[in-house]
Structure formats: C-alpha cells, structure tokens
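Both complexes below contain subunit A, partnered by subunit B and then by subunit C.
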Partner chain A sequence: MAFDHVTWIKAASYLGSGLAVGFGAIGAALGEGYTAGKANQVLAYRPRMSGDILKTMLVGQAVAESAAIFALVISMLLVFGGLGGPTPLSAWAYLGAGLAAGLSAVGSGVGSGFPAAAACEGIGRQPKASGQVTLIMLIGSAITQTPCIFGLVIAFLLMFVDFSAKPYYPYWAALLGAGLSTGLAAIGPGAGGGLVGASACKSVARHPEAQRPVTTAMLVGIGTTQSTAIYGFLISLILLFKSFPASTSYVPSFALLGAGFAMGFGGIGPGIGEGITGGYALDQVGRIPEKATLLTRTMLVGQAVSESTGIYSLVVALLLVLNA
Partner chain B sequence: MKGDPLERADLSGYHGYQRRLARGAFTVSVMTGLLAYVAGYGAAAKGLVLGSLFSVLNFVLMAQILPYQLGVGANRTRATGIALGSLGVRLALMAVPLIVAARSDRFNFWAAAAGLFTIPVAIFVDHAFLQRFSRFRIQEH
Partner chain C sequence: MEELTKVWTWSLDVAGFHLVFNATTIVMTLTIMGLLIAFGWFATRQTGLVPNPFQVVAELFVETFWNLTKDALDEDMAKTYFPLICSLFMFLLLCNWIGIFPYMEEPTKDLNTTLGLGLMGFFIAHYAGIKTKGFAAYAKEYFQPVFFMMPLNVIGELAKVISISFRLYGNIMGGSIIILVVSHLVYGLLIPPFLYAFFGLFVGTVQAFVFTMLTLVYISVQVK
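Up next, the complex of A and B:
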C-alpha cells in the first residue's frame, strides 16, 4: 500500500474531520441529556407545566447545539473544502484543526446544558419569572460558547495559513500542539461557565428582582472562568507563529508537543474549579442581592486561587516553547 | 405510557411557539437572501437560504423528538443516549447544505454555514430584544 504525503494529508484530514464532529457531538449530547433528565424531575411534580418546560428545553438545547455546529463546519471543511498541501506538514495541521474544534466543543456543549437544566428547574418553581429566567439562560449559554469559538479560530488558522515553508521538524509538533492546547484548555472553562450560568438561572428564579446584580455577577464569573481557555489560545498562537529553528533531533518536537499538552490539560481543572466557585457565589447573590459587590469580590479571590495551577501550566508551556 | 405527564399535557403552546419561531426565522432569512440576491450576491443568498432551511428543519425535528426524550423518566443515562442518537441524525442532516455548498459554485459555503445558525440567532433576538415590543413578539398562543 503506497503511503505518499498526499495520501497522508488526505488521511489526516479525514481523521481530523471525524475527531471534530465526534467530540463535538459528545459534548452537546451530554448537555442535552442532562437538561432532559432535569426537566423530567421537574415534570414529576409540575405535570401541568410540561408545555413551558418543553419550550425552555427546546430553546436551551437549540442554543447549546451551536458548539456541535461549529465542529460540524470544521469537519465538513476538512473533508470537502478541497484542502491539500505541498508538504506533509499540512497533515498535522488538519489533525490539529480537528482536535481544536472537537475538543473545544465538548466543554461548551456540556456547559450549555447546565443553564438549560437549571432554567427548567427554576421555571418549575417560579413560573411567573419564566421570561427573566429564559433570558439569563440564553446569555449564560451564549457566553459559554466562547471557548468553543477559540477552538474554531485556531482550527481556521491551522487549515488556511500556509505553513509549507516551515521545516518539518519541529513544526509537525507545533501544529499538533496548537490544536491540543486550545482544544483541551477549552473543556474546563466551557463546563465551568455553564455551572455559573446554571446558578444564575436558579437565583433569578428564586429572586426575580435580583436580575440585574445576578446578571452582572454572572458575566464577571463566566468571564473569569474563561481565562484558562485564553491561556490555551495564547499558547496555540505562539506555537503557530513563533519561528523555531530546523532540527534533526526529536527533542524540540516533543518539547512543543509537551507545551500543548501542559497548557491543554492544565486548563481543564481550573476552568471547572472557577465555575464551581462562581456557581456558589451566584447562588448567594440571588439570596442576598444587596451584598452582591462583596460576594463578587470574594468570588474573584476564590477564582484567582483556583486559577493558580492554570498559571503554573502556562509558565511551564512557555518555558517549553522558548527552550525548543 | 401510563402516568406519563406528557400524555395529559396541553402542548399546543409549545408546538405553536416552535411553528411561529421557525416561520419567523425562515421568513427573515429568505428576505435577507432576496436582498443579497438583488445586490448581486447570488451564491451567498442561495447559501444563506439553504443553510437556514436546514437549521429550521433541525429545529422542527428537535421539537418533535423532545417529548419522546422526556418520556424516559428521570433516567439521565437513557436521556443522554437518546440525545446522542438524535443529535447524530440531526448533525448528519445539517451536513447536507455544507456538502452541497462545498461541491457547488452556485452556493457560498460560508453563507451556508452562517445560515445554520439562523435558529439560535432568532431565539436570542426574540428573547433579548423582540420580547420588549409586543407587536413583534413571537406569541406563544
């Protein structure tokens, strides 16, 4: 079986396409399943509200699916976009693109399910606040898609920037590492952002008059949760655009791949941890809105501490990139 | 299914909302497409309308499947399984306009991809802006 570089590029783009849509579907389905399970629980004690609960679920899931659609677009471009390349380096770029789009959609897909589930629960308890709860659910779900958009941007860069003039070693690892860094680092912030959005929905349902302070605290909370996704995005950009000297050794290649893994895995935990912190804070903002400023400040301190391991990962990834 | 709350539920408001949102979103998309066509962007107009048509089809399919998804009780594992199956089918459906646009010069790929976001955008615009003006609100009944 002949395996020239054209075949390898085609095989890698098909593999990248499968990874993109496969991971993307997993995240959105988990989020949708969680929402449906929670809606069922609410229907058990509010059977007369099934129309409203279904409507909230439908709206929540339609927005939550955006992450899977982003992954689908990348997947289709990889197969039908007429992509190719003069060197085998393109194969690694397409594989990285698939990983960036697919993995980043996992967190956002799961995360978007949390506000939708909490909105169903909130509307079941406080039907009169359904408009406010649905609106805050939509805002929360929309911002939760941000890490997925970072993945989409890196995937586009990997697919459409011409890397053919770069040396194969160590650039194959830089391109794959770029996809892994943003893809993996987006998982935690996506899920964490969803946890904050879910608490915001519950808080507004409990105390609809507190919508303004809850919305402000939610925006700050989700924004901070996304920081490790930004670190992952930053490392990916450095891996894509910093010049690395050609090398016959495997060491620089694995240093660059290690940088992608370091920042990618390092971003998962802090993203979820910050989401948990934000979730508890939002819960209290809904109970005592007059203390929103103090609670938001305390939330930010907690999130900053949670983020420290993400910063360690960023430092290690930068050291690996600079020493490659 | 005995004792299923959805069996005795009135879902007319839910189905009415789904119909009106789908109709409103597709109408706006077709009007935008017509404007783009008149302005000389024929491929983009066709791509946009094609993408939004499949976005609406996906939404209608999702709306039909949701009551079945809720019929599985509070079992989240089964609900996730049904969600994964349903999502797989709907993603395959939404791949159609992208494949058509990628293979034919008559449709712009990026406009088709943008068209796939018609429903999420329509939902957001409806709740964030139009709900404030009852004349334009997508009524539930």
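Up next, the complex of A and C:
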C-alpha cells in the first residue's frame, strides 16, 4: 500500500464527508420529530384545524431540515467535488470542513424545531393569529440557523482557500482547530436560539397584538444567544488567516488545536444557558408587552453573566493562539 | 477561487508609517453616504400632507425608531440618541442591501466598518452612563459583586464590542462567501438569485436591526 499525500487527502475527504453528514443528521431529525409530535398533540383536540397545522408543521420542518442539508452539501462536495491538493495539508482542511459543517448543524437543527413546535401549538390555540405566528416562526427559525451558516462558511473557506504555501507544522492543527472551534461552538447557540424563538411564537399566539415588541425582543435575545458562536467563528478566522511561524516541534500545533477545543466546548453551555434566559424573558414579554423594555434589559444583563464562562474560553483560546 | 480572499487596497507611506487603505470599503461607504444624503434631501424637499414617496419611507423609519428609542430610554434622553439610532439603521440597511447590485460590495463585509461602528456604540454607551450616573457610581459597577471581579467585568464589556461587530461582519461576509462559492459550483445558474434574496435582503435587514437595537439596549443598560 502506498501512502503518498494523494491517498491521505482522499482518505481525509471521505472521513470528513462521513463526519459531516453523520453529525449533521442528528439535530435536524430531533427537531423535526419534536415538531411532528407537538403537531399530533394539538391535532388530537383540534381535529378541524388539521390543514393549517399540517402546513405549519411541514414549513417548520423544512426550515429545520436546511441545517442537515448544509451538512449534506459539504459531504457531497467532499466526496464528488474533485478536490485535491498539492500538499498533505489539504487532508486536515477537508477533515476540518467536515467537522465544521457536521457539528454546527446539530444545534441549529434541534433549535429550529422548537419554534415550529410552538407555532403548531399556538395556531391550535389561537387559529385567528395563524398568519402572525407563522411569520414569527419563520423569522425565528431562520435566525436560529445563523450558527449553522457560520459552520458552512468555515467549511467553504477550508475547502476552497489555497493553504498549500503554508508550512505543514503547525498549520495542520490550525485547520483542524478552525473546524472544531466553529463546529462545536455552534451547538449551544443553535439550540438556545430555538428556545427563544419558541417562546416568541407562544407569546404571539397568546397576544397577537404584542407582535412588535415580541419580534424586537426575540431578535435581541437570539442575537445575544449567538455570541459564543460568534466567538467560535472569530477563533476559526484567526486560526485560518493569522500567519504562524514554521516549527519543528509539536508544541505550537497542540496549542492551536487546544484553542479550537477551548472555544468550541466553551461555547456550548453559554449558548443553551442564554437561550433559557431569553425563553423565559420572551414568555413574559408576551404576557406584559408594556414591560418589554425592562424585561429586555434584564434579559441582556442576565445573558451577559451567563456568557462569562464563554468569555473565559475566548480569553484562553486567544492566549493559546497568540503564544503558539 | 482566489476571489475569496482578495482585497483591493491602497498603500501609502507617510512619515515612516506604512498605511494600507481598503479601497473598496472606502468607495462604497462614501457611495452609501451620498445615497443617504440624497434620500434625505428628496424626503424633505417638498413636505406636505400628501407626501411624496421618499417622505413616506422617511416617515416610516422615523416613526418606528422614535417609538423604539422612546420605549428604551426616557423621552428627553430619546431626543438626544434618536438621530444616532435611526441613521445607524438606515446606513446599515443600505450597506447590507447594496451587495445585491452587480459590482457593488457591502462595506459591512469589511471588519473595519463593523468594528468601528461597534466601538462607536461602546464609547457612546459608556459616555451616556458616566453622564447620567456620575463617574463614581459608574466605576462602582465594575466592582460588583465583589472587588476582584473587576478584570472579568472589564473583559465582559469588551467582549460585547467583539460580539456585536463580529455578528454583523460574520453574517454579511459569510453570506457573500456562500454566494460566491455556490455560484461558482452551479455556474451561476438558477440558485444565486434566491441566495441574494436570503442573505442580502432578509439577513441584511435582520442584522442591521439587531445591531441597531443592541446599540440602543447597551445605552439603555448603562443609563439605568
């Protein structure tokens, strides 16, 4: 068996492809299943609304599915894209691309299911508000996809930017770390953003006239929930485009890989935590729309505190990258 | 796919410093400023009870953002900060939308623009906080809940600048990268217009709104 770099690159792109679609399939399926379950539950006591609820369910599931479709696209490109490269560095780039696309689809897939489920429930309860509920569901689940889109962007950059002039050490770790950082850090914010969107759908169904304050609070809430996904994206961009000196030792490589893991895992918890904060806040914005400003402010302060652990990760990741 | 990382720059050597200007960003920012000034001139030229189309759009912006600013801040403070908030949104909206026209590039695709605007919001919010509460009360907040939390509170404040500017930059830059790569893969057929509609119009509007609202809420957190 000959193990030249062409073999390695092929092997890595097949492995990356498998990881992309494997991880990518987890989240969307969970989210869609949850949506369908809720739709069934509502249909049991609102059988006459079956058309509306079925339509909302399918639209919501389609949005949740798009996370998995992004991962599928990357997976297909890795297998059939005719990708290659002059140096073994490309192997790590393709592995990183698969991980970025796959892992980042987990959170957004689950998350996009929550607003869809809440919308089915809301329409069952308040059939007259069905237009407003569908609109806020679409905005909420589309914005929930943002962490997944960051993963897709990093995957595209890893696959299509030419890194061949860079030294193998420590760049192999930088490329793999870039994929891990965005991919892992997107899991929490994706799921958390969905919790905020779900509460927004519930609130609009309860008080259709509170649509505007709820939309504003929801966008701010999902926006802050995604902060750690943005830090992960930032670390990935630094890992991809900062120039690191060539080295003969393994130490700088592992510092860069560590930075990717630090920000990636560090981003999961704050994303979910901030999503829970935002969800409860949005619940109350729907109940007492005139207190929306106070609630939004308190939500933001609470989210900032719950994000502090993500900021520790960001600081450690930056220190690791700068010392490498 | 060299276009992915290509940037047009102007270089200049002044007094021993090597300065690099991002030519596309500067030209596009000036274009958008010109368009906004023209829009303002048309909107206020012949105001009347039966408004011209520009006036209708301008009234929509002003009314929406006046209500949002008034809700977040008090009425007299809203008068100070409303022009900033409304023009910030209009500027960002035009920045994010201009990418849908051929040969035009979004200034918000450049980190310098978004980081600059993020720092502007940061300094304005902290200035507003010091002005309303006084410096002692403002500084005391950094030593909450215990005094040794001070460095973490400062880092937390700085992280807000990073998250607000990278949110806009990441979304717009990410959208343009996806459009570029997908257009290349499908030879520009069929799919790109839908991508422009989603990333240019929808995501652009939402992110411009989120940036503006977060700037407003940061000010309101500081003054309360």
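Just so it is clear, the second predicted complex is superposed on the first by the 324 of 324 C-alpha atoms of A that agree within 3 Å, B and C clash if a C-alpha of one lies under 4 Å from a C-alpha of the other, contacts with A are read in each partner's own complex, and residues count from 1 in each chain.
The definition used in the following text is that a contact is a pair of C-beta atoms (placed from the backbone, for glycine too) under 8 Å apart; a residue touches a chain by one contact, two chains touch by 3 or more.
Remember, predicted model here, so these are calculated numbers, not experimental data.
Q: After lining up the shared chain so the two structures overlap, which partner does A:L58 touch, if you call subunit B first and subunit C second: first, second, both or neither?
A: In the superposition, A:L58 touches subunit B alone.
Q: Contact-wise, after the overlay, does A:A142 reach subunit B, subunit C, both or neither (first, second, both, neither)?
A: both
Q: A:T216 in the overlay: touching subunit B, subunit C, both, or neither? Say first, second, both or neither.
A: A:T216 sits against subunit C, while subunit B stays out of touch.
Q: Looking at the overlay, what does A:E307 touch: subunit B (first), subunit C (second), both, or neither?
A: second
Q: Contact-wise, after the overlay, does A:L15 reach subunit B, subunit C, both or neither (first, second, both, neither)?
A: Touch partners of A:L15: none, neither subunit B nor subunit C.
Q: Would you check which partner chain A:Y34 touches, where first means subunit B only, second means subunit C only, and both and neither mean what they say?
A: Touch partner of A:Y34: subunit B, not subunit C.
Q: Is A:T293 in contact with subunit B, with subunit C, with both, or with neither (first, second, both, neither)?
A: second
Q: When the two structures are overlaid on chain A, which partner does A:G131 contact: first (subunit B), second (subunit C), both, or neither?
A: In the superposition, A:G131 touches subunit B alone.
Q: So which positions on subunit A get touched by both subunit B and subunit C?
A: Shared contact residues on subunit A: 77, 139, 142.
Q: Could you pull out which subunit A residues touch subunit B in their complex?
A: It comes out as residues 21, 24-26, 28-30, 32-34, 36-37, 39-41, 43-44, 47-48, 50-52, 54-55, 57-59, 61-63, 65-66, 68-69, 72-73, 75-77, 80-82, 131, 134-135, 138-139, 142.
Q: Write out the stretch or stretches of subunit A touching subunit C in their complex.
A: 77, 139, 142-143, 146, 149-150, 152-153, 156-157, 160-162, 213, 216, 219-220, 223-224, 226-227, 230-231, 233-234, 241, 292-293, 296-297, 300-301, 304, 307-308, 311, 314-315
Q: So in the complex, the part of subunit C that touches subunit A is made up of which residues?
A: Counting only subunit C, the residues touching subunit A are 1-2, 4-5, 68, 71-72, 152, 155-156, 159-160, 162-163, 166-167, 170-171, 173-175, 177-178, 181, 185, 202-203, 206, 209-210, 213-214, 217, 220-221, 224.
Q: For subunit B, which residues count as touching subunit A in their complex?
A: Within the complex, subunit B contacts subunit A at residues 5-6, 8-14, 17-18, 58-59, 62-63, 66-67, 69-70, 72-77, 79-84, 86-88, 90-91, 94-95, 98-99, 102-103, 109, 113, 116-117, 119-120, 123-124, 127-128, 131, 140.
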